[in-house]
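Please read the structure below before turning to the comments.
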Amino acid sequence: MAIRRGRGVAAINYPTGMNLGGDPTQALVHSTPTGNFMVTLSSVDLGQGLKQIMAQICAETIGVPTDRVIIDTADTDTGPHCMGTFASRGTHRAGNAVIQAAKEARQVMLEVAAEELEVNASDLETDGEGNILVKGAPQKSISIFDVALSAHFKRGRSISGRGMFLIPRSYPEKETGAMKPSTCYAHACTVAEVEVDDETGEVTVLTVKNIFEIGRALNPRMVEQQLVGGSWMGISHALYETTEPYYPNRDHGGTDFNQYLMPGPGDLAETEIIVLERPSADGPYGAKGPGEMCANPQIPAVANAVFDAVGVRIDTLPITPERILRALKAQSAN
Amino acid sequence: MELRKSYFADQRKDGLHEIGQGRPRLDSPGHVTGKTAYFADRNFPNMLHLKMVRSPHHHARIRSIDTSEAEKHPGVVKILTAKDVPHNVYTILILIQIGPEDETVLADGKVRWKGEAVVAVLAETERAAQEAAAKIKVDYEVLPAVFDMEEALKPGAPLVNEYHGQNYYLYDSGECRKVRFGDVEAGFAEADHILEQSYQSSPIEHAPTETTGCVVVPEGNDRFTCYTNTQAMFFTLDNASIILQMPGSKLHFVGGTVGGGFGGKVDVIVEPIAILGAKLTGRPVCFIYSREEEMQISSPRAAEKVVIKDGVMKDGRIVARKVTGYTDAGAYSRHSPYGAQKGAAHYPGPYTIPNVWIDTYCVYTNRTPSSAMRGFGVTIGDFALEVQMDKLARLIGMDPLEFRFINAYRDGDMKAHRQPTEGAALIECMQEASRAADWPVAEKFMAMSSYTKGA
Amino acid sequence: MAKVPVQFTLNGSEKAEFVEGGTTLLHALRDKIGDTSPKGGCHQGTCGACSVIIDGELKLSCLTLAETCGGTDIRTTSGLAEAGVLHPLQRAFLDAFATQCGFCTPGMIMAAKVLLDHTPNPSRDEVVEALSGNICRCTGYEPIIQAVLTAARANSQNAA
Amino acid sequence: MALALQTFPTVRDANAALKAAGTRYLGGGTLVVRAANEGDVLVSSLVRSTDPALSGIAVADGRARIGASVTMAAIARHPELGAIAKAARAVGGPAIRNMATVGGNLFAPAPYGDFAVTLLALDATVSTDDGELPIGDFLAKRDDNHAIVTSVSFALPKAESFRFLKVSRVKPKGVSVLSIAAALEQAGDGAVSSARIALGCMADRPMRARAAEKALIGKRLDRDGIAAALAAAGEGTSPITDPIASAWYRAEVLPVHLGRLLLT
């Protein structure tokens, strides 16, 4: 018996947003009488944390702490249209729509503040803690709480804004395929280290070192969540998962979590995540969509590491112990 | 996790108040206390349960359906067949003008995959619905089926889907989406080595812990509220509106809090039939996939076959790449024509190659229709591309990481689909990987930049 | 249809309900009593999202018939916080960013709670074993393991 | 019709009720409640018994008797059953172990039933109100069994003479690629004097590796000594194919894992 070790690398990119564009998202933002901000959307949070990110984007744009933003999403009677949560588009598309809506609301807010402070709106800035200050004379200020009260009950202004983000649809040229699939791309490079049992074909992923370039980490803790979970799913795709283990034969498809294989908590690779940020030109605060691509580079990195370990190529996913063992037997037969 | 701020610092504005902060998630307290409300956490009096009778055959003609015994079963309230669905033949991407309509909500005369929905049973309890479903008699004439993409594309193969007329999706560009850039044959002629390899995957399930489903409540004013875990609210609402021939103003969708999606909840499957059930009975209806349905009935990530032929020079430059991709759509389109096309846009990967030829096919077979999943159109392609890169490097005796530096795209490089590269960062990711993994590469690669060719 | 009475204690309060024969505890809790913290992820016993604690033992409420629970003491995640103050495990899950979609979370917390009740200072392997019947598709498990280890450390510091 | 559950204080009464069509015995629920949840409408009625004899563990004179309702968790933590605790812990995750019973495990189809593999290696006796059966005979006829299993009994092995291995794709919990239980007695010189080896997933139910057992007698547990046993390990097997592994793979790795177990 021999446990043989190998490592492999893979580098990838991934488009942000629906392929070829044409996928709009809208947002509405308005202030409550006491200067809290309601973001109304129909975007869906699948667990990746869209609600939290939209709150942070709105807060940054308006100039209030995040806990003064309320997200009201995914009720079609109130929320304006969103194409949906898929194609790494949530943060990018909805985030841009929220920024546009929040900017419009912020402008009204600054105009009301300007009237209260008797200055020009263009001379005002926010401190991010809920106050509006005169640039260069911060002692002259008013709280957003008071501005909202004034807007509502004194000046009759609606502190609100509308946002819409659309990448115009691109149509591929029939003969050449000339097209504009996406406006920005995330990047990744993964190095995986594995051990392969050459008598059973079993693979243990020892370490994965993942470098992700994601535009901008709007909330680094949540980015980490996505990337760690994605890295796990990438390894899972590489070695475990399929609904048809004997494809294209349709028999023996798994019907539960015992039969549908994924790495358990005892199978975890030591996972390192390093994030680079090259802001995208059209992303909200430079963000791109990292949610999908983070699960891609581990698959070929693991495949290449298996080859490095035992010298057989498994070009069919998933790379099961059976496929490795068959290849090893064929190798030793030659 | 570490943020390496030294890269691209000149392009980044730091010092924001809320952006860049690891704020606690506002939804997590609800998660840890069990208070977060998912669609199925709403319970309504008099709710009916919908269970589906499904095809036991991969491909068959339906001679007859006999629901008479099931209708008499205690607790059964309504049984739905194809004739009850106002616009039974549909396709979801019709909303973005990708047709033809090719799928039935409930099978009409024919089934094209094992597990296809044939009859919907609405009953007072899950148990009653299951018992009644077992009493429904469907008489099938089994037809030859095709499971292998290559077999499906051969002349004389059983026709999977009459709405297409052939076993592939017909793009405006023909039987596949094409990308042509440079002269790929001239590139092969010039190359020191040619390597052609084939890669294969099988279907993969999203496996969210919460299965697909919805609860529909008649509001008493001819409107219907649908609590759903769809990933796309209006996409689902608008498709339901088409299928039910019901104005969108009559539909009210509530969702947005979903127990995992990964692309598995963007088909429009449970909502239309549940709304129809609620409309015809006047009662709340829930239709929630069992785990078995989630595993074998809901769309998986497609199986794909990718054939890559490369021409490479001894010095490491890839001078020609030809990719032929096949996406196994199963019996119906759903999102697959889009996914195959996304693959065409993605190849030849993040590398600058002067001569490129890409064909991507969307192929129909008699299996569970596939659809979107995390990395749609790209994940399996990246597996193929990056294993191929490893093979090429070893073929010419070069370090696999250095080989990628030589070919990596940089700002301004023209991509095969004729867009100039912007915002590239592959080189910097690889430089950081070299450091983090203690995988040394030549100094000239560590000095490269994505910004320009020369730098 | 014949209904059967069931009576048990849920998170410290007495509950009495009539359920249809064959009703699982999961359905009784969610549909009858209104405690929706246990989730129905598979109804097969393979995902752990419905985990509850019955008389101190971790059980799957989807495979337990409600009528077999007469007189038992049942604990669920919804009853863990006391007077609005989160249990250390709940706090640790928040701090470790150990929830994404949140659907597996109540079951995970139940599994972790029984572990810490019996093994206040578990090793990593013991945590892994304790969570091994619970599926998470979002996190890759590591943040959850870290949350449980952190909660254990917090507990032992409080006890010291 | 709702699923009806009848509870009886004695096994005798429960056995009588079990004779009705569509009736199944409810143990820990991991098999039968799952079947009902999944829409198995052939089950219309469940029977259980609260007979205390079903939940007892008795160890005396080197023999153990375990009631059929005893859970895997109860076995795993019982101080006198330490030799077989590993096999009980190999079943499911913690919640499943708190529910799954010894009786139920005897009926679990492959790839489940790892504890039954252990009982087969221990040459257990299965008791019902109809009498006692050697476990091999019981397993062979289990599909026709209609009497409630009340207990299993066996001679407790010494810790060092019982070995158990479960191979899973998913760790720490996952269903079996295969499982192996071996009860081996060795003479003073290390030569094997008696051997019982049971295999899981090598057929639709646990089976004995009799050819391998025979090949081990008189041999030492070293690489040369076990070679003949490994060569014979697959004799008479017909491994299952399922989503976890194919019959081919199971057959290929059986001697590898058996070898590793014997050399530990």
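A, B, C and D are the chain letters, set down in written order, and residue numbers restart from 1 in every chain.
Convention: contacts are C-beta pairs under 8 Å (C-beta built on N, C-alpha and C of every residue); 3 or more make two chains touch, one makes a residue touch a chain.
Computed from a predicted model, the values in this text were never measured in an experiment.
A.B. asks: Centre of all protein Cα atoms: which chain's centre is nearest to it?
C.D. replies: Most central by this criterion: B.
A.B. asks: Looking at every pair of chains, which has the largest contact count?
C.D. replies: If you count contacting C-beta pairs, the leading pair is A-B.
A.B. asks: From the mean C-alpha coordinate of chain A to that of chain D, what's the distance rounded to whole Å?
C.D. replies: 47
A.B. asks: Round to the nearest whole Å and give the separation of the Cα centres of chain A and chain C.
C.D. replies: Whole-Å distance between the two chain centres: 30.
A.B. asks: Roughly how far is chain B from chain D, centre to centre by C-alpha average, rounded to an integer in Å?
C.D. replies: It comes to 42 Å between the two C-alpha centres.
A.B. asks: Quick one: report the Å distance separating chain B from chain C, using the average Cα coordinate of each chain.
C.D. replies: Result: the chain centres lie 33 Å from each other.
A.B. asks: For chain D, what residues touch not just one other chain but two or more?
C.D. replies: 1-3, 36, 38, 172-173
A.B. asks: Going by the contact rule already set, what residues in chain A reach two or more other chains?
C.D. replies: Touching at least two other chains: 46-47, 49, 221-222, 224, 228, 230, 233, 245, 253-254, 256-258, 260, 262, 264-266.
A.B. asks: Could you check chain C for residues that touch two or more other chains and list them?
C.D. replies: In chain C, 20, 22, 42-44, 46-47, 97, 100-103, 125, 128-129, 132, 135, 137-138 touch at least two other chains.
A.B. asks: Help me check something: in the complex, which residues belonging to chain C touch chain A?
C.D. replies: Checking each residue of chain C against chain A gives 42, 44, 46-47, 97, 100-103, 125, 127-129, 131-132, 135, 137-145.
A.B. asks: Given the complex with chain C, which residues does chain A contribute to the contact?
C.D. replies: My answer: residues 46-49, 221-222, 224-226, 228-233, 256-258, 262, 264-266, 268, 271.
A.B. asks: Would you pull the chain A residues touching chain B in the complex into a rising list?
C.D. replies: These residues of chain A touch chain B: 7-15, 19-20, 22, 42-47, 49, 51-52, 55-57, 59-60, 63, 65-67, 71, 73-77, 79, 81-87, 128-129, 172, 174-182, 184-185, 187-191, 209, 211-213, 216-224, 227-228, 230, 233, 237-238, 241-245, 247-250, 253-257, 260, 262, 272-281, 285-286, 291-293, 295-297, 299-301, 303-304, 307, 313, 315-318.
A.B. asks: Under the stated contact criterion, what part of chain D meets chain B in this complex?
C.D. replies: Within the complex, chain D contacts chain B at residues 1-3, 36, 38-39, 41.
A.B. asks: For the complex, give me every residue of chain A touching chain D.
C.D. replies: Answer in residue numbers: 1, 199-201, 240, 245-246, 252-254, 258-267, 321-322, 325.
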